[in-house]
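Here come two complexes built around chain A, the first alongside chain B, the second alongside chain C.
Take a look at the complex of A and B:
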């Protein structure tokens, strides 16, 4: 197993509000900030932790589909929106569907490891509310295989891909327990979002989110066979950013090591985009990426104290618990329903709301996850802070693209 | 000839009007759907949108484009199934664009009635005047020898249209409510001469358009306007009574307030007359007054029109001034018949009505309330025990509305009390039917 040839630190993470339905300031018919705003806001928030732009050697911007959502390519050259002195620094945009944020971090890590940079400003961004959901579904479907599966696919392409997974899981392991677990995951996402002022569901005032989920039966005529809207992550505008640095980069930034987290495991795996899943109830690419990350870190998943997983849909969270090895096949539903993944559970997940509670500005999500892990491991998570047990000091992220086709998993511990 | 065959060549007369454009949209969408079915490949579907107003027909194109887009977006899951055998159209956006183009392409605008030649299904939605309709139908009779005619008249007896135009029974009343794409209700009126085949065809069309069909006897005004005109006359009489010493503007406003909030209706009676158009209200009055042994005209309506106060809607759907002047859809000034001008509505006018029944929740809040029936019972229960001016007016209004409803059943215009109640609830968005036990 390869290891990282030198220590890599993640620090100074920040993210913007996730703007979209649910946020009181969101109005679909009123003008809203664009990509430029989110890149600048997230990047400048990182810069505020640093002595100045000289502490940044280069930039990486993770983004999925600005070319269609915003008719904008060439995002790398937006770097100097963060600070004019960043002009002429190297900067690129990285894409891998909803794993774009995770891939941006992996790219930054490679830059530092190659010794071309000591500090990389890593930004994730997506602005999706530019089109109605019915057209956004087309754009997001680009994360699947256009020539192979789009025509046969449902109008709501990705929800229905994961609805198939939910249906297969229900068939094999039971409808009621799966549906209950999906409702519990939604409830958890809302409760965590209420503790995170940047979350899209922060002001969600449902008296009983679980009951609301359970009462809303899936409607195949207008949506999907096995999912309702509450099972889905949000349509969001937002940005997230952090600094990926070597020891030298950290020193130059004047940041004490104990304010950083260290990357100790990195797993990146892709499946075959043209092939359907071998088993709809298994996230095999996620399983492989996690296996590699844990192997590099030299730890067992039971040593992880806090998780940020890619809950694009409630069913994905259930399948991810199994892919992580926290429970066996068919046990993910009960694992979630029993409360293990809540902030007060054994393995807290998505403590700031995750993709369903915080929101899912697709290209930003992978970076946003690392920011939340940084906050948790350094005790900066505010109202959604959980206790990190001394014998489980690690945090783990899973940034997934498409139907479990590109996955970046990271393992961190406090430096 | 079955419905699908007839739908290959359709004409809508008055297609640019408020009702005609909605009817055109519904039919064009159904025809577009048919054109996509594999068994209809190669068949031509054509809708002649005929109107005297060229500007209106240009507006119709814009309306069809916007509305068909909305429909396609809303029904995209089903639409993708219809497009399953079109490998060139992959994304939702591709399919929506093709569907909208298809709807637009099958509509042929025309300003000449001759464009209807050869149509097998003809919808009429022109001005509510017997003579005008009869004259148009006489021409259509010869232009379209095989056609069935569906008239959107809201008041003229179908048998009379048939006789006047010599249609030989090829006509049925198919009365949409405004706006036709949204309103679920269609009143269906058979003349004595209407053949069973046409009745069956109308029923099938209603199902296709997902409408609720309620039969009415062929009596001027039918059920909907049979209630509305008499209900409006009650409001006019009450306002006239109250206007003594207060002026017309204030009297009309008080009756409007009571008929909206005390009766829990979506809008007050004078706002509703403005919405329909004072001129349209008068046309219906004239038809009903001529045919029925009952005085159904009102001097205030005639006077308002003489003074050029007409109501009705602008092409963008906003309300034109009528008994009230509106800002953002809300009445802000009331027309004073004596001063011949609008006077601002003064919040203090409402004071003499007294308080609303305890626990009042407005119509909108109750439309989707799970406890609607209980809330209505509580509201009218409280009202029954009140003796304010507002309560007196409301109780008299309820009683008159109930009397009108019962009369429609007694005179066999409606087949049942339930039909009367459903027409008012579906077509007028009332929360309860006029035939009820509230404050009885």
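Take a look at the complex of A and C:
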């Protein structure tokens, strides 16, 4: 089993507003900030916690598809937009579809473990509202096996892949209970977003989000067979950033230990992009990444007090509860419907709104998750703060790319 | 100054044919292998040196623009195309424009140094002949600051950026000697490619490549002011791969030390993508990356016996000789024209043809360079083998992205 050869800390987490439909300041036809803005905004917010740019040795930028959304590659070379003194620092862009943010963190962690750096500015960014939704769906299909799967495709590639999963789950475990759980997950996402001023759904004023979801049942004219629009994560622009540091890097940053979280488990697993899922109701790559992260941490999932999971669709959250081992196969729907994952539940998940409530700037999401865990474990989560039980002091993230193909899972505890 | 905390070996280097114009098997209208093919071909060629897939802990894939050339992201999840048993292994795609291959190696090195892996299959890949040249130029412009620079742009974005450098160099140091040196570099690239059966220019039958270059002087109707087509690297499809390993990883691979090269210096520097070069005749980011690599190795550049440099254009090679410190400012043209960089010269460069002779499958080039250094230092370079002097036992690579913006330089010696 792998171990971490030295202590690794995550500190100074920040993220931008998730901009897109739902945000009052979003207008589809008005000019909006670009990639460069979000990298600078998120990075400078971290820098504001530090004595200066000399506290940063390197940069890592996670991004999925700026190449097509913005015609821009080579994002590593935007690091010095954060501060001009960062010029000539090593910096790299990493990508693994919607797990790009998780991979940015894994890359930063390895850089610190390698002793090539003591403090890595880790940024995730995506700007997606540059194209119409139908073109955006084609762009996001590059997270799957484009040359293979896209042929079976349609204008809503990924929603349909997860709709197939929802259909299979409903077939095996019951339509009504699954549909109810999906509605409850949507309701929870909205309630959490209302407590997070940066969330895309922050001003969502639906009197009863659960009822609204339930009334919008997919039918033969829907865009997917088993999902409605409320089941989907948002199309978002945004950035997230934090500092990954060694003991020395933390001291140089002048940040007290009680404002840091320590990484104690890291699991990274990658499936075969060209192969369909073996069982549509199982997230096998997620399960493997989580198993590795928990094994490295030496803990059981029942010791985790707060979670950030990849709810690209409501059904994914249900399947993830099972992949985490919080409940058995087919029990995820009841687990969610019973309220376990709400802020006042036994295992709070996506407390700031997650991909459906906060939003899903794809390359940023993995980093945003770690920021929310950092906030929760250090008491910086404001209106969406939950109580972390003393006997369950850990936080866990799951950053997933594609249809359960690249997964990075991290386990943290307060330092 | 940074050091490498444990020995790192590069072994089992392989690359595919560089497919594109010039190769007899290339036909612009006939079907060609895709990304998946090159990842599998290059990766399996490395695997053939190993006892089996159990000798590989992780994968890293360097790629620049599959998102636009092939509409495909998420290349890390193609690792198991190399062998199905690699499923669930950690794998990541990294990108830094044309330095993506160099960044893949730096990432693999850090993974081994971090002790999260003992052996990393490191692959570079690009498939560019999917679009017409004019669209390709727009795609490659994503290596610069697209939103900023592209406005000044034209249909040949990068050739024109380096044409500006050539023009500035000619203005300051003389047109004729610069033009002659550019022709000599082209001639050298062709002669070296003729000795490398995988090279795109392998069957180039020009009776006098130097004369052909010299006769094709840019004029007001040329696509660039100061470059002709012979000055440009090729549009290529191809893959390159090798294994980056610790002492334990090398033993597990069953590879004898005399078939390995050891990394002794690593320099990674990144400039500001949004800023124009301060001096068009100077590659300042390259100079900084090389300085770091040589400092870590604790050697002078005069101890290096063989080089692989990023000759995206002939002028870049001239500027790189100066950035390396092999000669002073303005002396690079004479240095090249005098034959120093030929296989029989004092400092052989790009012995297998480089980006102009072998070809430039962009994301693969950085890895391909290390493969050529591995071949030279271990005596596996076949018809393009050079003699490595005992007092200059080092090999050096320079993988550059954009207009001297991301640079990874490595120094190796035979293990």
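Quick notes on this one:
Quick note on the criterion: the second predicted complex is superposed on the first by the 411 of 415 C-alpha atoms of A that agree within 3 Å, B and C clash if a C-alpha of one lies under 4 Å from a C-alpha of the other, contacts with A are read in each partner's own complex, and residues count from 1 in each chain.
Please note the rule applied: a residue touches a chain if its C-beta (ideal position, glycine included) is under 8 Å from a C-beta of that chain, and two chains touch if they have at least 3 such contacts.
As the structure is a prediction and not an experimental result, all values here were calculated from the model.
In this superposed model built on chain A, chain B and chain C occupy separate space and fit side by side. Judged by the touch definition given at the top, the superposed model places A:135 against chain B, while chain C stays out of reach.
When the two structures are aligned on the shared chain, A:67 is found in touch with chain C, with no touch to chain B.
When both complexes are overlaid on chain A, the residue A:353 reaches neither chain B nor chain C. Of the two partner chains placed by superposition, only chain C is touched by A:89; chain B is not. Contact with chain C, but none with chain B, is seen for A:97 once the two complexes are overlaid on the shared chain.
Of note, the Cα-centre angle with chain A at its vertex and chain B and chain C at its ends comes out at 100 degrees, rounded to the nearest 10.
Once the two complexes are laid over each other on the shared chain, residue contacts for A:156 go to chain B alone; chain C is not touched. When the two structures are aligned on the shared chain, A:218 is found in touch with neither chain B nor chain C. More residues of chain A are touched by C (comparison of chain B with chain C). Minimum C-alpha separation, chain B to chain C, in the superposed model: 9 Å.
Across the two superposed structures, the residue set of chain A contacted by chain B and also by chain C is 138, 141, 146, 150. On the side of chain C, the complex with chain A involves touching residues 2-3, 5, 34, 36, 59, 64-65, 67-68, 70-81, 84, 87-97, 103, 106-107, 109-111, 113-116, 138, 141-147, 150, 266, 268-274, 285, 288, 401-402, 405-406. Here chain A touches chain B in the complex through residues 132, 134-135, 137-138, 141, 146, 150-151, 154-156, 220-223, going by the rule given at the top. Residues 73, 76-80, 87, 90-93, 96 of chain B are the ones touching chain A in the complex.
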